[in-house]
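To keep things simple, chains are lettered A, B and C as they appear, and every chain counts its residues starting from 1.
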Amino acid sequence: MRANPRRCPGRPDEGLITISQGESMSSIERLESGPRMSQAVIHNGVVYLAGQVAADCPGAPVKDQARNILERTDKLLAAAGTDKAKLLQVTIWLADMRTFDEMNSVWDKWVVTGSTPARATVEAKLASPGYTVEMSFIAAR
Amino acid sequence: MRANPRRCPGRPDEGLITISQGESMSSIERLESGPRMSQAVIHNGVVYLAGQVAADCPGAPVKDQARNILERTDKLLAAAGTDKAKLLQVTIWLADMRTFDEMNSVWDKWVVTGSTPARATVEAKLASPGYTVEMSFIAAR
Amino acid sequence: MRANPRRCPGRPDEGLITISQGESMSSIERLESGPRMSQAVIHNGVVYLAGQVAADCPGAPVKDQARNILERTDKLLAAAGTDKAKLLQVTIWLADMRTFDEMNSVWDKWVVTGSTPARATVEAKLASPGYTVEMSFIAAR
């Protein structure tokens, strides 16, 4: 593909949209916006993510699912113009609370010391039996 | 410490900025505010709703409960000066995850394409056995 | 009451404090920030707390656990520069929904009439079997 400075690959108008949105505080930006939900919604400098599951490895052990979720979250946060050092509040659902330590072994390595979010973890059955952990994030950008 | 009217402690020049921001941004508005909870709380351009249940039809099938919740939510969002096209993040609790598709059949028709919120759905027993679905909303206004 | 321009009622320096807060709207403040999570995260005039449990009395009846949680929350909100009259949204998880009334008997006395938050309560198994109630808070400051 030829590089074309006036017509960027992907979403050419994204930059402009962001600018005007940044100006007015009540505008809303949505990423990966599907008919049921958006993966990220940005408003007033705050990024709300959809519940993240291990879409690349359903059925895998909790450790792998947690790792996959956090990799996917890193990408989503980057697309939203932020990163894990700006997390505000996280809710974690485990299909089985006995996997709490296993999940934390991945979580603890992922979070940024000095910039950890407020967090709550409870047990809940998830939408698909293949998923054993789900995480919901609110971040600043 | 001596008071010095010309040289305030802290950062004296930021006062003007803050005053106008502080006045409007820190105020909180509450709708249907009861002794236990308010149905909607508005702060800084963000609307937080209480967990919504099908108060008009407890015991009804999930489809009807979902429809009732979303009708009630429409009214509440309107009273708060906003609407479903400005939803930011939604949490859905189902008493039985096997009703996921049934709930979605109502949800998918209700949301505004291109303006869907971030969403997470998990299973949880609710406050009354008559309720089989509950939804919590954060919206911009 | 006579207006006195030199001695404001309440907290005379509040304006100045607010100013520095208003200035850097995108900055993030964290309280009791551990390697896994922070107990409070403050951004853009909003305070997000970690899920609060009765750390001082695990295994105690729900009533006592609720009381302990709310005492701890009062302290945490104070440290974050706010209080329970500025609560926006609260999620409550009960290990056993049959303790709903017991939890509410403490909650109802604690909240500030006219300033109650949006609230959702669902059942969920918590991180430790000794904990029978957990609460997650979002407040303005």
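List of remarks:
Operating definition for what follows: a residue touches a chain if its C-beta (ideal position, glycine included) is under 8 Å from a C-beta of that chain, and two chains touch if they have at least 3 such contacts.
Just so it is clear, the model here is predicted, and its values are computed rather than measured.
Of all chain pairs in this entry, the one linked by the most C-beta contacts is B-C. By the residue-number overlap criterion, the interface of chain B with chain C counts as different, with under half of its numbers used by both chains. Centres computed as Cα averages put chain A at a distance of 25 Å from chain C. We define each chain's centre as the mean of its Cα atoms; on that basis chain A and chain B are separated by 20 Å.
In terms of their C-alpha centroids, the spacing between chain B and chain C amounts to 18 Å.
Contact with two or more other chains is made by residues 44, 46, 91, 124, 138 of chain A.
Against chain C, the residues of chain B that register as touching in their complex are 8-12, 14-15, 17-19, 21-22, 25-26, 28, 30, 33-41, 43-44, 48-51, 91, 93, 124-127, 134, 136, 138.
Considering their complex, residues 13, 15-23, 44-46, 86-91, 97, 100, 104, 107-108, 111, 113-124, 138, 140-141 of chain C touch chain B.
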